[in-house]
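Could you have a look at this structure, given as structure tokens, before my questions?
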Amino acid sequence: MTDTPTLFAAPPLAEQERMLEAMLFAAAAPVPLAELAARMPEGCDAPAALAGLRRRYEGRGVVLMQVGAAWAFRTAPDLGFLLQRETTETRKLSRAATETLAIIAYHQPVTRAEIEEIRGVAVSRGTVEQLLELDWVRFGRRRMTPGRPVTFVVTQAFLDHFGLESARDLPGLKELRAAGLLESRPAPDAEGPGEDEPGDDLGQSEMFGEDADAS
Amino acid sequence: MTDTPTLFAAPPLAEQERMLEAMLFAAAAPVPLAELAARMPEGCDAPAALAGLRRRYEGRGVVLMQVGAAWAFRTAPDLGFLLQRETTETRKLSRAATETLAIIAYHQPVTRAEIEEIRGVAVSRGTVEQLLELDWVRFGRRRMTPGRPVTFVVTQAFLDHFGLESARDLPGLKELRAAGLLESRPAPDAEGPGEDEPGDDLGQSEMFGEDADAS
Amino acid sequence: MHDTSFEATPPTVADRLAAEALIVDVDGFEGPLDLLLALSRSQKVDLRRISVLALAEQYLTFVDQAKALRIELAADYLVMAAWLAFLKSRLLLPPDPSDAGPSAEDMAAHLAFQLERLAAMREAAARLMARARLGQDFFARGAVEGPALIRRVRYSATLLDLMQAYARLRTRDEFRPFAFDRQNIWTMEQALDRMRGMIGFAGEWTDLASFLPEGWGGDSARRRSATAATFAAVLELARQGQCELRQSETFAPLSIRRRQ
């Protein structure tokens, strides 16, 4: 609860949980915390009510999930077998597309040249387009290097699809970073097999600082 | 629980509730009891689990409802206000509507035929309807001429919106010209009723006196 | 089969088959790095302990065999082959202290890093795709209930808009190209149109003058034109049998009524 005096007393926390429950149940897409808070009466403490609601749904058939800066109810993953009939057949992604997606997720923000350096082959136009179309990746900020190349980052829909709270929760991220495999390491020789990349350190680490604008 | 021996023991009732919860959450339409039962593992007691689930959601932001022979989650009726989002858009009045409104304001009471004569084009039904809906114009008295056409006059809401005490406060052509809103020289025959003062007795002064019986 | 004349010991049948399998499958590789990664797997060691020298030899053998089998290799495979041949020679020769460039060990280490990184990304992609996924393993709400968007449109118009609109209308004629202005003429066509709509209401004898269009009864020139046009229109309607016409004496008002 806030200390600021309001015209009406804020509803009790249990009532706030009910409100969140209704709003999140009614929506298919994750609802941003800011929107939840804005739709609740004045004086409500949305984060506290969300935490309470999340605990209430722990272990249930439906669980409350955080997706970036937004929240959504999703069925528990272990009950998928009951829901096969709801399955929407997704086109199988090509190996190039899944690898490109993984590189963007783990290295974001990442330029096309960097993706190509990691994969060792040119990124085909269709691959990136497909990922953009799925709304799993989007354009990030331009890199402040010569040519000002655009970067790619993953979206909230990506987090939602793969059940991730944030890009920090990508499986094995810590280990990969510890092994130095997420660094952009310039080739020792300009004529090496990889293109010599402007080796700035705008890796995943920087991205974590700016999560707020990443969706 | 049933008495018939099954290959596997039926899941505990709490687990059956979880299953129902997930199925009903993910369904696009109310799910018939028979279908719920058919989708659950053998030995489950769907009616009992439904009753339990319904109790669990009593008083929550979402309630389990029976719809005919089918079941569905619905947001609690008292929280409907949270599911509405109001947006107010400000749109500029169309040129046709502005002109029609101006003619009514300057010439009231005025018939549709007269508006058309001044504008030189037919007045669409939608334009007049929009002005009526905005409560800026209303029907005045019928003209006592053959056909007894209805007339239009402006309303108090119109005066309030435009900050006028009466429609007589509208500047005439001379003032418009003096204010630089008109750059051309006066036309020899442009002495419309708005120019000096309403010419005929059915002018604006009368109209404001008879507000009460006019609609 | 081409009997190739390799200087080395003749390869066993199994080796040959393995090599051919790799080559026939060359289209399945996504570039030289992918191929190198596949070759490095045969060393059966941690990618960090891989022998880049052995890998370079394997790759060069592969390219030689492809040539022997007359398989066209894309240019980037040949570029890689040239670079690996250079790297191999650098790795075999004692380091030249006068050489300012990167050491062969650095270059080899970087290649190993690239392979390890690619392998790591492959594995990450596989783990990502193996996760429980929305719409396959877990599901969103099926029946979306809202939020219902209540859109309110506020129309805005200022007094200035209103005045400008009026000014535009009243001065429109001033901007027209010159034309003979017949604004005080009511034509017979107009009168006929008007009378057709109104004659039905004239059940009783009605003065013709009351059928004049609004605003045409005052000014004498306008009244004259309107009267003449309306009279002509009434004559036409009488001829068609739609109305009757009567005048009690010369210059008396004309009355009309609907034909019963």
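Should a chain be cited, it is by its letter among A, B and C, assigned in written order, with residues numbered from 1 in that chain.
Following the convention adopted for this analysis, a residue touches a chain if its C-beta (ideal position, glycine included) is under 8 Å from a C-beta of that chain, and two chains touch if they have at least 3 such contacts.
Bear in mind that the values here come from a model prediction, so they are computed numbers and not experimental data.
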Under the document's definition of touching, what chains do chain A and chain C have as common neighbours?
B
Remotest chain, chain C as reference, centres from CA atoms:
B
Distance between the CA centroids of chain A and chain C (whole Å) is 25
Averaging only over C-alpha atoms, locate the centres of chain A and chain B and give their separation in whole Å.
38
Averaged over CA atoms, how far is the centre of chain B from the centre of chain C? Could you give it in whole Å?
31
Would you please write down the residue numbers of chain C that are in contact with two or more other chains?
139-142, 145-147
Any chance you could list the residues of chain A touching two or more other chains?
23, 25-26, 39, 73, 75-76, 79, 83, 86
Within the complex, chain A is touched by chain B residues 17-23, 25-27, 39-40, 59-62, 73, 75-76, 79, 82-83, 85
Complex interface listing, chain B residues touching chain C
22, 25-29, 72-75, 82-93, 95, 97-99, 101-103, 105-106, 111, 113-114, 117-120, 130, 134, 143, 145-147, 149, 162-164, 170-171, 173, 176, 181-182, 184-185, 187, 189-190, 192, 194
What residues of chain C sit close enough to touch chain B in their complex?
139-143, 145-175, 183, 197-198, 201, 210-211, 214-215
Considering the complex alone, what residue numbers of chain C touch chain A?
30-34, 76, 79-80, 83, 101-103, 106-107, 109-111, 113-114, 116-118, 120-129, 131-142, 144-147
